[in-house]
Amino acid sequence: MKRRREFNLFLILMLVLALAILAGCGGGGATTTTAAPGTETTAAGNESTASTGAPSGGDIPIGILTSYTGEMGAFGVPWFNAAKMAADEVNAAGGVLGKQIKLYTEDDRSSVEEGIKGARKLIGANGVVAIHGPISDILLAIWPIAKENKVMATSPAAGTTKLDETGGDYEFRTVPSDSFDGKVAALVLWENGYKEIGMIYENDEGRQSISAAVRKEFEALGGKIVVDVPFTPRQPTYSAELKKVASANPQAVWLGSGQESGAVLLKDAKQRGYNWKWMVSSDLAVPEMFDLVGKDTLEGVLTEMPSAETSTPEFQAWAKRFQELFNAEPTGGFQSNSYDAIIVMALAMEKGGAATGEAINQNYRDVSNPPGEKVFTFKDGVAALKAGKDIDYEGVSGPLDFDAHGNVTGSYVSMIGKDGKWTQLKFYPASTWEQ
Amino acid sequence: MGNLNLGLFISGIVTIIAIYGILALSLNLKFGVAGLIDLGVVGYFAVGAYAFVLTTAPPPSELSHYSIGLGMPLWVGFIAAPVAAGLFSFLVGLPALRLSGEYLAIATYAAAEVLRAVFTNEDWLTNGVVGFNNLRQPFRGAFASGDVYQYFFMALSLAVLFILFLILSRLHWGPFGRALRAIRENEQVALSVGKNVTKLRIKAFVLGGAVSGFAAALYVSFATLIVPTMFVSEVTWTVWIALVIGGTGNYVGALVGTAVLVTAQELTRFFQASADLASVLAASRLIAMGLILIVIIRFRPRGILPERHYVDTKAVPVAESTAQAVSPKRVVE
Amino acid sequence: MGEGVPRVQYLQYVVFGLVTGTILLLGTVGFSMIRRVDNFLNIAHGQMVALGAYLGYLFYAMIGLPLVVASVLAIASTAVLGWASHRIVFNPIRGHGPLYLLFTSVGLAYVIHGSLEAIFGTRPKAFILPEPRFFSIAGEPLVSTVEIFIIVVAIVSAVALHLFLTRTRAGMAVRAMSSEYDLARVRGINTSRVAALVWILASGLAGLAGILMGIQGTVYTDMGWAIILVILSAAVLGGLGSIYGVMVGAMLIGLSMDLSVIWLPPAYRSAVAFMVIMLVLVVRPQGIFGGVSRG
Amino acid sequence: MLEVKGVTKYFGGLCAVHDCTLSVEADSITGLIGPNGAGKTTLFNVIAGVYPPNQGEVWFRGEKISDAAPWAIAGKGVARTFQTPHGFPQMTIMENLMVSPLRQKGEGVFRGLLRGARVRAEEKAHRRKALELLDTIGMVDRRNELVVNLSAGEARMVELVRQLMLDPQILLLDEPAAGINPALCGKLLDLLRRLRHEGLTLLVIDHNLSFIMELCDTIYVLSHGEVTPAAVSADPKVIEAYLGRAA
């Protein structure tokens, strides 16, 4: 009977799956050396470092799991590039413990499910010691898997407040929590003389937690939120939402959104002749925004972002290197955060004397927190470590001092749009937030 | 130097195949068997997932926005998920099943989209975009090693899939499945043989919804978190594409389609070459998925495993079989 | 600004609704013409909107042609690509039935979406236009030049389409075929030529809608999926196949989305479109203006 | 047994059936003839509940059925065949027959799943009956063929026996002889007569005069939406006169 044939087919299917798994387990311990040709990390070249083959003997595999497509698709390449720049510098300085860092990358398509699959692939098939790059939801989803496999999970941009009190074990992030971001935004607005502001923000996890922090902090400073409008991303127009803001007549408006919706909204506002003072969230503090909405629209717009003091020679040197490599502005878009995460990992492995996730997990605070000799590059860090000194890595995204839960208390800069560029207005050292 | 653990990778894929396989089974019941074009697959899935989370999540703390969290054992969640998904199917189906064809498709699509807006915006119910994380996993405590647990969870998912497959197959070849297929084949004739078409459709719809509730419970347990962005219409399209590739009307086909689609997608991970091309290659995966669908429909519209037909092979009583002598020659039209 | 006269404020929401509605109208008319002539829901039609927007961006911002020239080129290329999709992808499987056509269109939508991402990248794009002026009533900025431009272009296109359909032989053939496919064939209308014409028209209009969306907001890779949902709503509201019905349907959807903000949280703006269609489907499945029987 | 009282049915502005009244006696074979487009099939559809009448009522065994759903009318014992016998095309002949019986217990989700003794017994009985019926049309050995692959004549025979699976009290036949070759036609006549003797009432539409006259006890003529007010005896001359006048 046909039914029986169906059943048999089902059994065959199950059998094939089972065999595949067995094969997988069998291959688990084996060390294969089939690196994809032409994808080796080279220190000098501009060649890509992404590869998906199995790790070759002397490499340290690190996974970059980030969004090349989907809602956050615009961030993937810059984050990867920054991480690659860090890896290249590490390798050029002789690598970690004599081994070269090799990057493997997966697209998480801005989706939790794809993130989980990508992380399992990176850990399972590439044997990575760390996974770097995902946004909040995805970081939360892959963290248990990473921890289980003693793989470090890090993010340059996951600001979720959910990790404020829970992270730290096989999880760290080089971006301060959203609660800080909100604090800074409120402070910058207040210091620029605005007492009554409106808030308009995308209804997603990140922006919601930032907006909550803005509200709390701004009211604590004595200011008033006159209107509060969450909106759905990716609408063709936001005229109606803006009208809502306009009817409350705020002195300034804080906008929390991604690039697409933010651009539509700013353009709409401009078209309607709403000449509010804008303060936009750090997602929009990227040079591309000027291409999107025109430099006139962003003239005088305020923003803030986690960053080291941009005027220091160390930062300038880094920015120059970045500019040469990618022909792009290094500021904004969490590229410096992505760069720092890889450097901290490398230093932590160097310090721990082992190229493992465990070593990173145990040492990342040691190498980046005071006390210790302040170092600004991997090369200097390794030299100091070899000299037996304790080090305190000062990153390009801030001083990178991690608390027990893997959070940084970042330093920030406030910026203003001027002649088609974001220009630093004021530096807020990490000490601003103590207490 | 990290250790390879291909089992982790593969068990993840198999678990995803099992979960999507359950959704494909559910859709095959609704579309493949009963002929109902349901583009709201993700809606019932989302309802099941939230029902699972809300029944099992701990009561809300001061910091969270949601107001329900029953903190019940996980098995309650595994019952609540299909029940809630079935109930929601009923609520959607009652008005929507009066419509047919593409109107049903649009109505179900709309229902799923409205539902997502509700899940995104109603903080008190779902904790909004923040969602829930750190969810408990079934029987996690019984395993010291997470590595072993991965296999257990995979086996659990496959077991649920297998049981649902047996149930749906058994129904398929019995009077219930026969009546549904009859309705799909010809509604007017089905009415003329006294089938209460609406009632049978609602039964199929609700049963299909309940089946997807099991997938939902497994899905959130697998992900250990829930946020509204997990329930976008892409889930619906993925399940549909899997079913069309595998073969509509054939439960094994639905599973084969799911396995082929997910495996193909995962294999493309190994074709990645360079970083600058990473985003291009990521985009080309979308192109590949679209092309597979177009090509399959063009050259094998009934899918890899087309629908099978019931074959009556039991012996015919002797008295009847003698009658074949007088059977007429085949009449040519 | 200030506390404006409430009536003026309402008027402003009406203006927003008109802009949303007219853009939607251009997208929906083509969708429903294809629905009538080839009898299936073309999910890829939303991607034609995105395609038009990206091609417009390509010619205007990347190559640097004047906006009008760039738009005409973009519309023409979208029309040709739409026609090509009809010839290459859909026509060979006409016999498979509407459902297979629908899923093929989903496949095509993925192909176009992926191609746009591969070629243009995932960063959003935008048309930078000269600073618009706006006209005020009672101190309230009521409508900007860009908005007037969009509304005028859309209305002119709709009227041109109307004249084409009622005054020209080819247009009347299209109408005949949209209302009675078999009858049209019996009466000696070259159905395949008319179908090609419909695809060219529909895709061109979608391209125009995409350019207008780009002018008003940004161009991003997911816009095809976002717009097709609203197109579906508008089409159902107007009664899937009726060309004039969907025009009204599109305007109503646009208005209800933007006016809903007065009473509902703005986050529900897009959900309003779906609530409207669910209501319509339950109460009057053939759409408000459609004479088509359900199913 | 079946009473059609003053039924009128419009489609848009077109009147398909106008003030039609007829009655079918129990255990009789009643014929309904008329030219194409006379509204015969529409009248059938009104009786079967596919369309509600604009005016008038249909009564069956003292019960008004013109406001019931088609499936409910079938459930009361009124079965009908279709002019175009598509049946369930992608199902086998056997399944086409097995699907028919009314109120199958196995159609419930739980009973269908558990398939207890009663469901099994029911299935067994239905199968037996299906085989018997297939035997009468000589298609037992072809029971596993898909209906879509049958010739028009075969499909019509399957259509007939499929509806007999319902155990109806009255069977409405819509052009049962169309597309059936003469040899099979004789068989069909025998079968219909036998069914009548077994207690089944038949109402037959056809425009094949000789077939109707050979079969029917009573004949109605339907022309341009109107039925002749009284039953006409099966006298060829009368019929011809009527048709001549109507045409």
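Each chain gets a letter, A, B, C and D, in the order it is written, and its residues are counted from 1.
The rule is short, and it goes like this: a residue touches a chain if its C-beta (ideal position, glycine included) is under 8 Å from a C-beta of that chain, and two chains touch if they have at least 3 such contacts.
Keep in mind that this is a model prediction, so the values were computed, not measured.
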| item | value |
| --- | --- |
| Minimum number of chain-to-chain contact steps, subunit B to subunit C | 1 |
| A-C or B-D, whichever has more C-beta pairs in contact | B-D |
| Chain centroid nearest the full-protein CA centroid | B |
| Computed distance of Cα centres, subunit B from subunit A, in Å | 34 |
| Separation of mean Cα positions, subunit D and subunit B [Å, integer] | 40 |
| Subunit A and subunit D: spacing of chain centres that average the CA atoms, whole Å | 72 |
| Contacts with 2+ other chains: residues of subunit C | 117, 121-122, 265, 267-268, 270 |
| Residues of subunit B engaged with two or more neighbouring chains | 117, 120-121, 279, 282-283, 285-286, 309-311 |
| Residues of subunit A touching at least two other chains | 68-69, 71, 73, 76-77, 203, 232 |
| Contact pairs between chains, per stated definition | A-B, A-C, B-C, B-D |
| Residues on subunit B engaged by subunit C in the complex (per definition of touch) | 37, 95-96, 98-103, 105-107, 109-111, 113-114, 117-118, 120-121, 233, 237, 240-241, 244, 279-280, 282-294, 297-298, 301 |
| Subunit D contact footprint on subunit B (complex, rising order) | 167, 170-171, 174-179, 181-182, 185-186, 188-197, 200, 203, 207, 307, 309-312, 314, 316-317, 320-321, 323-324, 326-328, 330-333 |
| List of subunit B residues in touch with subunit A within their complex | 1-14, 16-17, 117, 120-121, 128-131, 133-134, 146-147, 151, 154, 158, 162, 165, 169, 173, 222-225, 227, 229-230, 232, 234, 250-252, 255-256, 259, 266, 269-279, 281-283, 285-286, 305, 308-311, 313 |
| Partner subunit B, residues of subunit D touching it in the complex | 48, 50, 69-72, 74-75, 79-80, 82, 86-92, 94-96, 98-100, 102-109, 112-113, 115, 119, 123, 127-128, 131-132, 134-136, 138-141, 143-144, 146, 151-154, 162-163, 165-166, 179-181, 183-184, 187 |
| Sites on subunit C touched by subunit A in the complex | 1-4, 9, 12-13, 15-16, 19-20, 23, 117, 121-126, 128, 131-132, 134, 136, 141, 144, 146-147, 213, 216-218, 220-223, 226-227, 258, 261, 265-270 |
